[in-house]
Amino acid sequence: MKKLINRPEDVVQEALAGMEALHPELLRIDYENQIIVRADAPIKGKVGVISGGGSGHEPMHGGFVGHGMLDAACPGAVFTSPVPDQMLAATRAVNGGAGVLHIVKNYTGDVLNFEMAAELAEAEGIEVASVVTNDDVAVQDSLYTAGRRGVGVTVLLEKIVGGLAEAGAPLAQVAEMARRVNGQGRSMGMALTSCTVPAAGKPTFELGEDEMEIGIGIHGEPGRRRVKLASAAEISEMLANPVIEDLGLKAGERVLAFVNGMGATPLIELYVVASELAKILRGRDVTIARSLIGSYITSLEMAGCSITLLRLDDEMIRYWDAPVHTAALRWGI
Amino acid sequence: MPITTEDTVRWIRQVARVLNEQRNFLTQLDSPIGDADHGINLDRGFQAVMEKLPSVAEMDIGSILKTVGTTLVSTVGGASGPLYGTAFLRAGMASSGKYELYEADVVHLLEAALEGVKARGKARPGEKTMVDALAPALLAAKEAVAQNLDIAHILLYTSEAAEEGMKATIPLLATKGRASYLGERSIGHQDPGATSSWLILKALADTYGHGV
Amino acid sequence: MKKLINRPEDVVQEALAGMEALHPELLRIDYENQIIVRADAPIKGKVGVISGGGSGHEPMHGGFVGHGMLDAACPGAVFTSPVPDQMLAATRAVNGGAGVLHIVKNYTGDVLNFEMAAELAEAEGIEVASVVTNDDVAVQDSLYTAGRRGVGVTVLLEKIVGGLAEAGAPLAQVAEMARRVNGQGRSMGMALTSCTVPAAGKPTFELGEDEMEIGIGIHGEPGRRRVKLASAAEISEMLANPVIEDLGLKAGERVLAFVNGMGATPLIELYVVASELAKILRGRDVTIARSLIGSYITSLEMAGCSITLLRLDDEMIRYWDAPVHTAALRWGI
Amino acid sequence: MPITTEDTVRWIRQVARVLNEQRNFLTQLDSPIGDADHGINLDRGFQAVMEKLPSVAEMDIGSILKTVGTTLVSTVGGASGPLYGTAFLRAGMASSGKYELYEADVVHLLEAALEGVKARGKARPGEKTMVDALAPALLAAKEAVAQNLDIAHILLYTSEAAEEGMKATIPLLATKGRASYLGERSIGHQDPGATSSWLILKALADTYGHGV
């Protein structure tokens, strides 16, 4: 295992210390509860927006804490959802009296822990709304599974919903927007290599020099199928087409195109994929009205990428464009 | 003779010891069909339990088990945290105030734990989860009680049934939890959670009655 | 070789197509000359600022083209400096009548090609000033070498100098600031793994599972020494101390701390390094007044990191904080 | 008999062929002490030259060599682009207007090329660069001319001297170019640029006089 770390068991807390050292103007760290809280939280009268999940997906979620996005993030151990205590502490820390939105990625662990946290928070009289993201089209016949996983759309949703909350919208409206964004977005990812959980010390799975995994999750879960290595053009088709079909994108529609790196894939390769994706969308007369490219929802040092498409409406565009100031996403401020 | 608070404490200690020993094994089981952290998660949780245990060792069995449950909820995370946490919480409620557990109590305790897991996780038997170890274990316990067997044998059969249930998860196609994402590819692998459930029940059978 | 590409020889041009597809509001691509030009260039009366170098360091330099930073970037083949024709075309494209600054990283190839381009541009009557960055302290006794390499400081310099040029400063002042920034910044990098030049098809060098390379360049050039894998704390010391000593940083001084990933190192690891760096600086009573963390000057899919420290003065801070809108760095707009 | 325009065209064609064949070899030499692109760079450059060549094949030798130089400058990049580009440009200037090169012209041409490389790269002999192949080549040419040898032999000795100079770069410590960053670790490796310089001069000796 080759990583820039000290003891595996300290990685998460030390990374938090790094965030605090570099971004004191944006956030504060509650080490005891292991949560990242927006520096000026709680904001009176503003809906609090929190998310959380296993670590190893950086910058998600801690990198999205700040003005116009998240009020707090709860990082669990690597690839392990956080515990209810963290979400409860975060909920308390960001509650400005207007209630708190929990953004939960659809993984059994995340869902169950956030459920328990919401129960506890409501028992304390804090109004909580929960939205579960489930945009991963790699998971088919979700009747026979834990349901589609929450992946790339989570990033876009946190930005748009965070912007709406910053604008002072009430909890119900913020939650409604979150559901709308989740409903209009789909993703699919692939891996060229596995990743290594620090505490495990060796790769979660093995991939041959000429193999790749299609339909990968963000936790080193194997994907739906293992196939021979293909060109960026072919890979882009394998990822984009299921997304486009599942969304039922029609000619003339506008999307936000999100080309995401899994952690070890350099930007030059992501731009090659972006050029292929642009061709595919052009071919279907779908317009890229907004875009995001980079490694924003990762799987440790996995090499690979994911494509997320979000069907945009004017309101989504307004809050996507709204000012945001976080460690990983910033504009307008 | 009944299960005493000493037996309970010894059981939990043994669970912590075994899960620590089997940490890598459980994590390996979680690699092909999961995210390679089950052993890490439970080991972290039960190490925390070991720190809490002394403070409640003198209390009633219910308090001990509830403490185990809340500690697991607070430290494990993942799917297994809320699930085992709820299991021990419910078991604790089913035995609150009690300093001794008799044959029937064992069944109630197991029943409460299984119901807790089912309520949280919405899993039915056959979905390749810990339920597939816990459900047969409960059945075995009920039968053993019906046959008026003593606690030692009730626990023995319970643990054996859990082991069979665990092995029976190998050919199953997962429809709950991370493994379900693999579809057909989940077949042929033993479920990590069912395995840890067996280890927990086996620890009870192994430690019951034997002094410290 | 596992990469998200099509034919190795097309990587650079296809990545440019991806940039054009996702950032039409920021830049345009001149495919024939293989240059990335700011959408609104040339800007009358504004000093043009261009840079360039081999590809494989993305987002540098193309990702820094836009308001408040670069007016154009010249990407060469992977790890090969661009040719004079590109720099000449870029110089023409951004010349708003106030002259053009060439930001050159100190590598023989870059220096020689930019030299020829400057000669040609001046022959056309375009005023050109050139600044060579050379901040890599890994290169010792530079008397016996081609001189220190230009690395991390280049990124910070392009932002600060770009901000100054945007503010309307004349060429001489812009060039003077560039030299000042270069003079106040130092860097050092390390690699956990090698990288693979697409056209070469196999790793440039081999590193054992328990080895790392200290003092690495950004082209897969081996570093000064190969040592046993160490902890993030030890690695941070190995990188930060030579930088601090070479800069002669004293207690009470302020720096911009830049923790850079080499391409395949996930953000969580960079934050662990950041926490160690913060400890080291705290120990010397040096303040982190500004910071940048992420993979901004990379070496394809190399795993590793570099640390850059820039001694700040108020003017540098002003232009670091000035609005910037590029594909890779954005704030205030 | 003199070097004709046909010889010149044949020489450049051969250089393109050889550098394409040796592309990986040169790139490998550039791996331990460089950035693994020398062969790729020169191959790219001379493929471009091959496209330009027909348009100037009928012209004087100076125009042909200048075209090679400008094409290399425009397509190679890296350190070797400006260096070889300048070398061929200067050689072209030294032979402009000429349709035949005699013994003395060969020396002037080599001298101009070497001066061009030195002026651009500021390298002196012994710094582990292409200069270490080109400088001895020039000396050998001068001696051969002094001994009134014919062109065939002048080119032969020139190429042999370049080869020796190339081999002599192995023990050298690089103080110019990328290799210099390695300090002591640059010792023991043959310089890629010196190697390509030898291949270029060898191609001249190999093709001179032989019909197409």
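By letter and in written order, the chains are A, B, C and D; residue numbering begins at 1 in each of them.
Everything below uses one rule, namely that contacts are C-beta pairs under 8 Å (C-beta built on N, C-alpha and C of every residue); 3 or more make two chains touch, one makes a residue touch a chain.
Note that this is a predicted model, so its numbers are computed, not measured.
By CA centroid distance, what chain is farthest from chain B?
It is D.
So, what's the distance in Å between the C-alpha centres of chain B and chain A?
32
Which whole number of Å gives the spacing of the CA centres of chain A and chain D?
Those two chain centres are 55 Å apart.
If you average the Cα atoms of chain B and of chain D to get two centres, how far apart are those centres in Å?
Here the centre of chain D sits 76 Å away from the centre of chain B.
Averaged over CA atoms, how far is the centre of chain A from the centre of chain C? Could you give it in whole Å?
Their C-alpha centroids are separated by 29 Å.
What are the residues of chain A that contact at least two other chains?
Chain A, residues with two or more chain partners: not present.
Name the graph shape formed by the protein chains and their touching pairs; answer line, ring, star, complete or other.
line
If you go through all the chains, which pairs of them touch?
Pairwise, the chains that meet the contact rule are A-B, A-C, C-D.
Report the residues of chain C in contact with chain A in the complex, numbered from low to high.
Touching chain A: residues 2-6, 11-12, 14-19, 21-23, 55-56, 58-59, 63, 192-193, 209, 212, 229, 231-233, 235, 257, 259, 263-278, 288, 291, 293, 295, 298, 300-301, 303-305, 325, 327-328, 330-333 of chain C.
For a test of understanding, state which residues of chain B touch chain A in their complex under the given definition.
27, 31-37, 40-41, 44, 73-83, 85, 120-121, 173, 175-178, 180-183, 185
With touch defined as at the start, can you tell me which chain C residues reach chain D in the complex?
Result: residues 54, 76-85, 107-109, 112-113, 115-116, 138-141, 144-146, 149, 197, 199-200, 204-205, 217, 219-222, 224 of chain C touch chain D.
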